[in-house]
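Shared between the two complexes below is subunit A, which pairs with subunit B and subunit C, respectively.
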Partner chain A sequence: MTTARIAPSLRRRLVIRLLAIAGILAVILFVAVRFSAETASETTLDAVLGVATASIADDLRSGESGARVSLPPETFSMLAAMGEERVFYRILIGETTLTGYADLPLPRDTPTAVAPVFYSRTYREADLRLAAVSRNLIIDGLPVTALVIVGQTREGQRVIAQHLANRAALLGLLVFLLAIPASLVAATSLLRPLDRLAEAMTRRGPRDLRPVRHPVPEELAPLIGALNSFIARLKSTLAQTETFIAEAAHHIRTPLATLRSEVELALRLAKDEPMRQRLRRLLRTVDEGSRSAGQLLDHATVLYRAEQQAFARVDLGQLARGLVDRYRTTADLKDIRLHLDKPAGLLVVSGDAVLLEAALRNLIDNAIKYSSEESDIHITLSATAEIATFRCLDQGRGLDGAVADDLRVRFQRGSNVEDVVGSGLGLTIVAEAVEAMGGSFRLEARPSGGTAAILSLPLAPAELRTSDQTSGPVALTAQDTP
Partner chain B sequence: MTHCSGQAEVRRWPCQHQLEQRPPTGRFIRLLLLLLVAACLPGSPTRAFEIEAERLFGNPGAATRIRVLSTTDIAVFAPVLDGFIAARPDIAVSYVVASSQEVFTAIDREKASFDVVISSAMDLQMKLANDGRARPLPDGILAGRPAWARWRDTLVAVAQEPAVLLIAREALDGGLPVPRSRRDVIALLRDHADRFRGRIGTYDPKVSGAGYLFATQDARLSETFWRLAEVMGRLDTKLYCCSANMIEAMLSGELLLAYNVLGSYSRKDDLYRDKIILVEPEDFTVTLLRTALIPQEAQRPAEGGAFLAYLLSPAGQSLVLEAAGLPLIDPRVYAEKPHLRPIRLDPGLLAQLDSLTRQGFLDEWQAAMDQP
Partner chain C sequence: MAHGLLSPLRPPFICGKPDTNLSQALTTGKTLRFLLIEDHEDLGRSVQERLMLEGHAVDLAQTLAQAREFQQAAVYDLVLLDIMLPDGDGRVFLTSQREAGNTTPVIVMTARAAISDRVGTLDMGADDYITKPFDYAELEARCRAILRRRGGVADTRHRHADLTFDPLAGTIEVNGETRELRSRELRLLEVFLGAPGRILSKDHLCDRLFSFSEPVSDNAIEVYVGRLRKKLAGSRLRIDTMRGLGYRLSGT
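Showing the complex of A and B:
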């Protein structure tokens, strides 16, 4: 099986993207809080500064010698209160500085008495927020314009805004950290349908070509649709091939039967010994071909039924008993003794009776075929809590060192079979039938010579319950010998 | 750039020090030294601010010398300075005394290079700090300072001084009660106008920065101040530049009552205790904070900081209390004497420093003094 090229994991991609979004949101939160905190506090502080400036402007009055003003210390204290700010002021009459810091920057726009102008400047190495208010006065009978400018540093505000923004950033970071497990959970739950689908596909047997009926999210529907149509095409191709093989085998079998009877007739009539010899060889070849065709048909049936997966409860004991009775005649011809040991009760497995029969038949047939005359074949059935096991033990020629797995390959036969008619499909049929029913099959060489074919099948659920109640493996109590 | 103004010995020293510290290793260094010497020469003959006294404390050959500009008399501050040079023999202190206005001028206009500036004129010190003429104080100095005894990280109070009322015992002849508040003083002066006429003294706010500060604080805190001013004006009150002069006049018998005298100076001399009663008015007693800062032009800000740290340490503060007679910066003082009102150390002081505002206030004051 070839593996597809692996692109970066969906889960990792999802997590990275979610984390990136959370990170961006945290940064946005920090900037937004910083900005809004600064704006809000600046608006408030501007209002205070504006009122303070206006109140100083209100205090401006004409005196005997020019304008007079009395700066309120409380106002200055208040302006400086938040974070010990520095305070600067300047009062101008016309273009002339009346009092205060003569180099304090002027506003760009000319303010009015009702609306102060606010502006920011750097002055004496400090960032100032300034408010300017203008007012009209009459000094010595002449109208003049007075301009009052008050500036303050805003370090306290900055500290508070920074503090708020830091808290927001901390919150953002917390959200970011919480987003890590959350996005992991989200990614996992998002990918769960995919996992489930993968699991369901993995669980399928090798011959399971049913369309996928697993519920999938909308987004995966096209994939499943494509997969199902692929499966359908595969299935139809397989079916065509199998049908073709079955048809072919069937069509060969009939002429082979005719040919056989013709050869038998010719053998009976032939007087010449070399001719009889040839005809016997021909008869043997015809038998071989006919058997192969039978096996091919059998194999096609197994494949078909395996795919149907139409399982029912089958009593393994009854099946084995029937087969042993059927093969007793064949065994007797070679003086082979067939023994059947099975437990007293039912041994119900879940499976297809035809498949099971084909598997057991092939095993018993093989055992008889490869056993020498005057030997014993022991067929035993046993059960543990969940598994029913069928064993077929012969005293034949054994495996001659062949690996059991090789013998299961189609048309592969052992190295010590030259005198026996066979197609090489028997063990393939057994293996495929057993696998279709969820069981296992293996061949072992017996220490005393001969072969042990061991076939295990899961017990049907009802049987499981029964054996649970009796607690433990079903005891082999009854002996059933021929 | 080395700034070499001040007294002769002080002036010589930084230039010498520069020579020793940086041996001429190249043409560039030599050129630099030439420039330094050139900078030193024209600086010496002119000095725009006037100093009253100067003394060097500590070993003249000490590795480091700091310059302290202060409004406090050498005699008052000497024990504290002696304590400092005993604790730090490696530092010599050149202590220069000038009036508060001269101190302000020296730092604000002359940009004189002093390492520590201590002044009782809170408003001028506040203006220096507000205008960015002071450096941030070294770490640790402000730790544990109460908020009312510092401003930002540039200004720190080193002592506080209540403005008190002095009254001669003979003025109370005839079993008169000791006045406890301004209201009592007003009543006393009204009832015995003849006795006190011409024998009342107070600061002249036009001349004295401290006097102006006390007067404006009084006016801020209570309306009684203006009534008192009017009463004092009617009784031909004499105006003084300094507390010391007022105390002298009290001792000589020239004055019977002195209003707003710096208490610390009064407490020093036991002799006049027999003649004079010291009253802290119970309605409120304005308390001045003596503040210190390190100016931008400081040559040795770290050592200046060390001096301030000593001044504020328990050892330094006990010397301030016992030897110099200045009350401690201690919140407990206010718990024991709830009538004490420290002048708020914040830019509110700038408002009163404004020339127009000041003129307006002084006009009012003059009107109160010039009673028919």
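Showing the complex of A and C:
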């Protein structure tokens, strides 16, 4: 089994992406809050500064010898009262500074009379915000332009701005922190349909070949569609395999049955011995062919079922009882006595009834085939705490020194069985069936002559064993519709 | 199939007591009436002929519909049923027969080896199943076993001269002494009792006693005849050797 390469968790990727977006948004929020706060406070302060400047400009009066300036102290105190701000001013008439700081920077563009011009400059190691308003005066009958410049430090505003920036940063951080649980919740709820689907798929087990009917989001529909069509194909392939095995059996066995019947009929009617010998040889060949065909199909079934691993509770005792009862007629034909010795209770193993039946049947069949007439075959079932053991002991010809492992190889037969019809697949079937169910199988030569076939299987867990439903037919019929 | 329906070999059938009739048919080697349901024509005819050679009456139905017609016209001792038939599944037929209260013993002939078939057919009320291709010796043994089982409560003992034969228990009673017969001795005795006074060739006995696929030694029949003679010792029944011809049961 190969597993797909595991990519990083979808949930983790989703959370990381959501948090990254939340982080960017928090930064944007911080910048926006800070920018708009600063703009708002600057606009307010500028308005005050502008009004103050304009009122000074309004108070310019032209006299006989020049202009007269009145500097209302409340204006300055208002500007300074905003904190510990310093206020500078400069009033020019034409190019000449009338009063104030003569080196106070001029605006880049000369303001018009109507609106004040605002600008920022560094002056005497302080950042100044300046407003300039111009006014036309008539002095000595000549028109002159008066320029009023008022500058103001903005220490207080910087403190407020810093304060606001801290607030904005805190707000951004808060937003980001809130985004963490929010994105976790979002990722979980977004992935819930996927989780439910995964859970449903895990629950259904490997043998459930029903199409997936679980409600899924639109995006997963193509995936589920593909999965369902895959399941449908798998199902039909499996069904075909089973049908094929059954059909093949039918098509091979029916003509063989006709052939065998005809040969027996001919043998029954034939009078002269050479012809009878010939027909006997023919019958033997037919038997060999039909046995091989049967065992090949059995083998295919065993391989197919072993792969399926469809296990249920099977009562080994009942299965053995049924087989022994059925084979008693066959054994009777050779005056062979079949003895079954089994414990009174249930011997429940967890396995596939088809595989178990194939294994036990082949062992009993072998024992009868290779036993001489009027001998006894003892079949015993026993159990330890965890292992059930099936033994088939015959008084037949034994293994003739052959190693049991060699006899398990496909089409490998013992050196002492050439006179008996066989395919060489029986023990392979037994070994493969038993091993598929976690059991073991071995052949031993009995000291008194004959062969012991020993098959061990793990017992089903206790809670299954003591369940009230008896197994056997129940478990067997449960296997009917794989 | 004229041989089946009008067979003169058929014993009178006693309604309501089929079991007694069956055991009589069995133990006296008399004819049995088979209904063979098999769509494969060659196989059907071959099986029919083979069974008729043993003296049984066999009707061959190739479809389930035909089988039902036959069943309305006659009562059968045994039904041999194929599973795959052109007009339906043999198992469905079997179930409907059992539901209708028809208890005629049924042996299913299956071409498939899957356990689901085997166990399934037994659950559906088949008495036994046999996998194609089959050995007639085995088919006969299975029929015999079913008829013995079905004989059940009825007394299956029969008197032949001074001997009481119980095929169900596999015993004979001579002069108040019960002797047990092995399976082959029992079959040999049945063959002789079925044809009293007739000379039976070694080959014929061989065919009846052994499966054709078994290797049989030349003196095998002599061995079993010898054993049966020992079991019959003290009775008026004896097996005479007809030199060069075979054996004959006399004294009945």
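As a working rule, the second predicted complex is superposed on the first by the 246 of 482 C-alpha atoms of A that agree within 3 Å, B and C clash if a C-alpha of one lies under 4 Å from a C-alpha of the other, contacts with A are read in each partner's own complex, and residues count from 1 in each chain.
Please note the rule applied: a contact is a pair of C-beta atoms (placed from the backbone, for glycine too) under 8 Å apart; a residue touches a chain by one contact, two chains touch by 3 or more.
Fair warning: this is a prediction, and the values are worked out from it, not measured in the lab.
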item	value
Which of subunit B and subunit C A:395 touches, first, second, both or neither	neither
Contacts of A:41 with subunit B and subunit C, given as first, second, both or neither	neither
Subunit B versus subunit C as contact partner of A:334, first or second or both or neither	second
Which superposed partner A:380 touches (first subunit B, second subunit C, both, neither)	neither
Partner with the higher number of touched subunit A residues, subunit C or subunit B	C
A:73 touches, of subunit B and subunit C: first, second, both or neither?	first
Partner chain in contact with A:294 - subunit B first, subunit C second, else both or neither	second
Residues of subunit A contacting subunit B in one complex and subunit C in the other	none
Contact set on subunit A toward subunit B in their complex	67-77, 79-81, 84-89, 91, 98-101, 124-126
Subunit C contact footprint on subunit A (complex, rising order)	245-246, 249-250, 253-254, 256-265, 267-269, 271, 276, 280, 283-284, 286-287, 290, 294, 297-298, 301, 322, 326, 329-330, 332-335, 353-354, 357-358, 374, 419, 421, 473, 476-477, 479-480
Interfacial residue positions of subunit C with respect to subunit A in the complex	40, 42-43, 46-47, 49-50, 53, 84, 109, 111-116, 118-120, 123, 128, 131-138, 141-142, 145, 182-184, 203, 207, 211-215
Subunit B residues within the subunit A interface of the complex	130-132, 151-152, 216, 220, 344, 346-352, 354-357, 359-361
